[in-house]
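Each of the next two complexes has chain A plus one other chain: chain B in the first, chain C in the second.
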Partner chain A sequence: MYVQLLDLACGALLLTAVLVLWRRELTVIIRMFALQGAALAVLVGVLAAQENSAELWAVAVGVFALRAVVLPYLLRRALAGAGESRRETRPLVNVSASLLAAAVLTLLAYAVSQPLVELAPSAATQAIPVGITVVLIGFFVLVTRRRALSQLVGFLLMDNGITAVGFLATTGVGLVVELGVSLDVLLAVLVLQVLTTRMRETFGDTDLDELRELRD
Partner chain B sequence: MTLLVPVAVPVLGALTYLVFGWRRATTWVSALSAGVVLGAAIFLAVGVSRSGPVAAVAGLLRADALSAFMLLVIGAVGLVATAATPAYLREEIAAGRATARTAARHSLLVQLFLATMALAVLAANLGVVWVAVEATTIVTAFLVGQRRTRASVEAAWKYVVICSAGIALALLGAIVLNFAAAHTRGTTGLDLVALTTHASGLDPGVTRIAIALLVLGFGTKAGLAPLHAWLPDAHSQAPAPVSALMSGVLLSVAFYAILRVKVISDAALGVGFARTLLVVMALASLVLAASLLISQRDYKRMLAYSSIEHLGLVAFGAAIGSPLALTAALLHVLGHGLVKAVLFLSAGRVLQITGTSRIDGVRGLIARRSALATTFGLGVLALIGLPPFSLFASELGIVRAGFTAGLGWFTSVALLLVLVIAAALITGTSRMLLGEPSTVDAEAASPIPIALAGGLLACAVLGVAAGPLPSLLDLATQPLVVTR
Partner chain C sequence: MSALGVIGGVVQPVLIVAGSPLLVGLMRQVRARLEGRAGAGVGQPWRDLRKLLRKERIAPRGTSEVFRFAPLVLVATTLVVAVVVPFVATESALDPVADLFAVVALLALGAVALALAGLDTGTAFGGMGASREMTILALVEPTLLVAIFALSVRVGSTNLGAIVSSTLHDPARVISPVSLLAAVALIVVIVAETGRIPVDNPSTHLELTMVHEAMVLEHAGPDLALVELASAMRLSVFLGLLANLFVPWGIATEATPLALLIGVLALVVKVGVLGGLLAAGEVFVAKLRLFRVPELLAGSFLLALLAVAASFFLA
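Moving on, here comes the complex of A and B:
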């Protein structure tokens, strides 16, 4: 039961990451991101039930609040400010090539994370490659998308993947560090959001194609 | 208690600006707090040299000679930059590019910037180091985008996105390292001392992944290739005092994290792994800096690419890893920090006078502003490693150590690139300083801020007589040298 639930949560994590690559509508991308946050919270919840740890349950609730509610809300608010025009992204790499790239990245993640699985084989550590895949897909979104908001989602995908690896590998990195990390992510997103707003004021839009001022 | 001062005093400084804003009475609070950080660093350095490392706040903060030295760099460069800030801001306000409100916010953020950097070098736990380095990105993001022009907003966006993504890789590395530590006898977390002592027990396969991610991630923040793209934009768009701080200390604080990680790597995997990584990143940075400096048209970007070069040299010194190389690399960090701060501050002054950051827009600066031009010229001479400035001694040390350590080929390549860069810097600078001035203005005799002269003088003194610094540097490099 535990292993199935764990695998289900990890599957949802991976699926939502791929869906972000597949869909172009920014509202859908944000919904997928919220779903992924929920999947991450479920993952932590499953681990909490297995280890019967009240602390981990609290962390699961925190993860849900931050990643499935607060961050998507901030993203949606940024999008609402953008108005109706041009909601789709025009990625640098087209959708079918992106999906192919996701497959390659998955293989890469499995190949790279072999030593991690071998160090302490268990149901949880065997799912680590999924977390690494989400990190790689996030990085891919970050470098191939042009809209500022999509880049933001890419950064957050990376972060979700890293958090997943953190919980699957061990039960977290210690409370002080964990709090610091969550706070930093929240702050980074707030900073990025303010900058997107400012970009809209100065550029009229948040399409990074417009970012051509600085070059050699 | 001494460990709390360098973090708490700048936070108090920030609170002062939050409550009282930018007015006559608060003008020098910023420099005062940087001075306190410098004083605490000297006090700490003396204490650590006498009686070994100290810890505080339930083991969260810890300082050895390396931390004390880095704090010294933060304090010294911070003092130069903050002491030149009032003149800079006064001019900006007079020109209508800033208001009392933006000046207050600028000073507030700079204080927080100093506090986060002090925390990064004093933290005893790799996780806390990570949190502090990420916090520096968040604090400085608004400083880079302070002017709200198209270019500066673009620079701020690139800065936050690239640095956050890079530093996220370092977080993944820290988590993987934590995983390796959890399966090793004697360690449970990311405490730097425990990790270093028990490093030989870490699983090599897992540690290799962790080290690669950590070096790449912190390397982003240190401005090393391949994730350096944010640096020239951010450094050229930020206000001059902020560029001075970012180039002078922020890069080396991030590099400090790499040094800490490298010790663990050397003990767990042998010296070869981290050395290969660092040599590749260092030479790539040097090649990149050289190729973009040759035909550089913007003097602030010229200084920014020179920072990539110097961090590449420091990384090369760390890669060699012998006591001589590490001592030279640390001395280089201090010398480069001081000189680069002076240069960015004078470049900011040149920008205020001429209104352009293009090299060909500034002609005959020596005839127009002789004091400023002399400072800038001497700074560039120091930067390319001419005696008596300390960069001469440290570059010589790195090169000598490179040949002794059997990295002769790589050292020759590095040396060649440094010469190319020196030629490019001289060409660019002479085009700015010499020639017929396009306009002649009245206040040609205006003095330069004393902070700039002080920074240059400190660097020259370091090169001639380092005083008690060598013993501190010896102590700082001792734990970094692993013989295996």
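Moving on, here comes the complex of A and C:
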């Protein structure tokens, strides 16, 4: 039962990461990100139930509150101010190619995480490739998308992946560390949100490629 | 060759041939009702087939044997698949053919025969339809293979009967990420392969959008009846395969009349429900632009590949 729930949560993490890459509408991307946050919280919850640790339960609740509620809310608010540009219209790599790239990234994640898994094979560590795949897909989103908001989601995807790997590998890195990381992420999102608003006020767009040209 | 396999091999093709036009009728009826129309009734496809079969056989001038044999090849390959794939009974009459690769190859052979017939007519529509169909087919086949392969990894065999019986013995496998990812990939692929919305619209004859219909535009009379029957059979075969790979319960494992009856009923109910859901889903989505179709299929290929990867990661 424990292994199945863990696997299901990992499957949901992977699926939502792929859907972020696949879909163009920013609202759908944000919803997928919220779902991924919930899946991550479930993952931590399953580990907490297995370890029977109150601290992990608290972390699970915190992860849910931050990644499935607060961050999506902030992203949605940033989007509401964006006006007409609701779609990722022309990513640097087209969607079919990026989906195939994600397939390659999955295999890469599987290959590089084998030594890690072999250190202590268990149901949790065997799922580490999933976390690394999410990190790689997040990085891919970060470098190939043009809208500031989808790049932000890519950054958060990476962070979700890193958190997932952390929990799967060590069953929690301690409440204090987790709290610090979470606050860091929250702060980054708040700062970037302000930055996108300023960008739009100055340039009328959040296409980051426009920033390469010098203007008066 | 077991008794169960032989009985299954007789019952399944009869059921598929008789039932598939009814499935198409059911799906049209569901759509009609949801769109606020009365609908032509579930039996309408059979009435259409009867009308077409009574007509005279006409072939366009300049066409060769390829054009004449294509409907027969299409029906024959689909019939073989209907005989061997575990729909009603877990054992197969021709066990070596009930293999993942053999079944996918047989289904592809029928589609290729039809595309060649489309090219053989030499008309613009036939060629365009064939070229589009081949584009979609080339993207669909790898996904189909990989998605079912993900399920066969755990069983250690690509025999469809073995995959179905192992799921029957271990129901917990159905809710694993491997099954879920493979199921989503397979659904997308089946929608594309059987030419339903959002990839193709089976009820349109608009030249910009049609894929399958453009290819069979030159067929008439009994030939057209065979093509329509074969398309309906392919739809039932794919839905039956989907149902039995992921929800195999009810399938007959022993050769008693009661078990076989339950097997038949279970298949009819499962395929009927899947067809109804597919038709209801079609009401809510618009057809995709042809140039967006590769994107959809690349996504489903990725999901299928993830399913295979997950069957190794999360073992």
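Following the convention adopted for this analysis, the second predicted complex is superposed on the first by the 209 of 216 C-alpha atoms of A that agree within 3 Å, B and C clash if a C-alpha of one lies under 4 Å from a C-alpha of the other, contacts with A are read in each partner's own complex, and residues count from 1 in each chain.
Keep this in mind: a contact is a pair of C-beta atoms (placed from the backbone, for glycine too) under 8 Å apart; a residue touches a chain by one contact, two chains touch by 3 or more.
Here the structure is a predicted model, which is why all the values come from computation and not from measurement.
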* Which partner does A:V130 reach: the first (chain B), the second (chain C), both, or neither? -> second
* Tell me which partner A:L107 touches in the superposition: chain B (first), chain C (second), both or neither. => second
* Applying the touch criterion given at the start, work out whether A:C10 contacts chain B, chain C, both or neither, answering first, second, both or neither. => second
* Asked: Which partner, chain B or chain C, is in contact with more residues of chain A?
  -> B
* Can A:R198 be said to touch chain B (first), chain C (second), both, or neither? -> first
* For chain A, which residues count as touching chain B in their complex? -> 112-116, 118-120, 135, 139, 142, 148, 151, 155, 158-159, 162, 165-166, 169-170, 173-174, 176-177, 180-181, 184, 187-188, 191-192, 194-196, 198-199, 202-203, 211, 213-214, 216
* For the complex, which residues does chain A have touching chain C? -> 4, 7-8, 10-12, 14-15, 18, 22, 94-96, 99-100, 102-103, 106-107, 110, 123, 126-127, 129-130
* Structure fact -> Within their complex, chain C touches chain A through residues 172, 175-178, 180-181, 184, 294-295, 298-299, 301-303, 305-306, 309-310, 312-315
* Over in the complex, which chain B residues touch chain A? Could you list them? => 60, 125, 127-128, 130-131, 134-135, 137-138, 141-142, 145, 148-151, 153-158, 160-161, 164-165, 168, 171-172, 174-176, 178-180, 182-183, 189-190, 203, 205-206, 208-209, 232-233, 236-237, 292, 296, 301
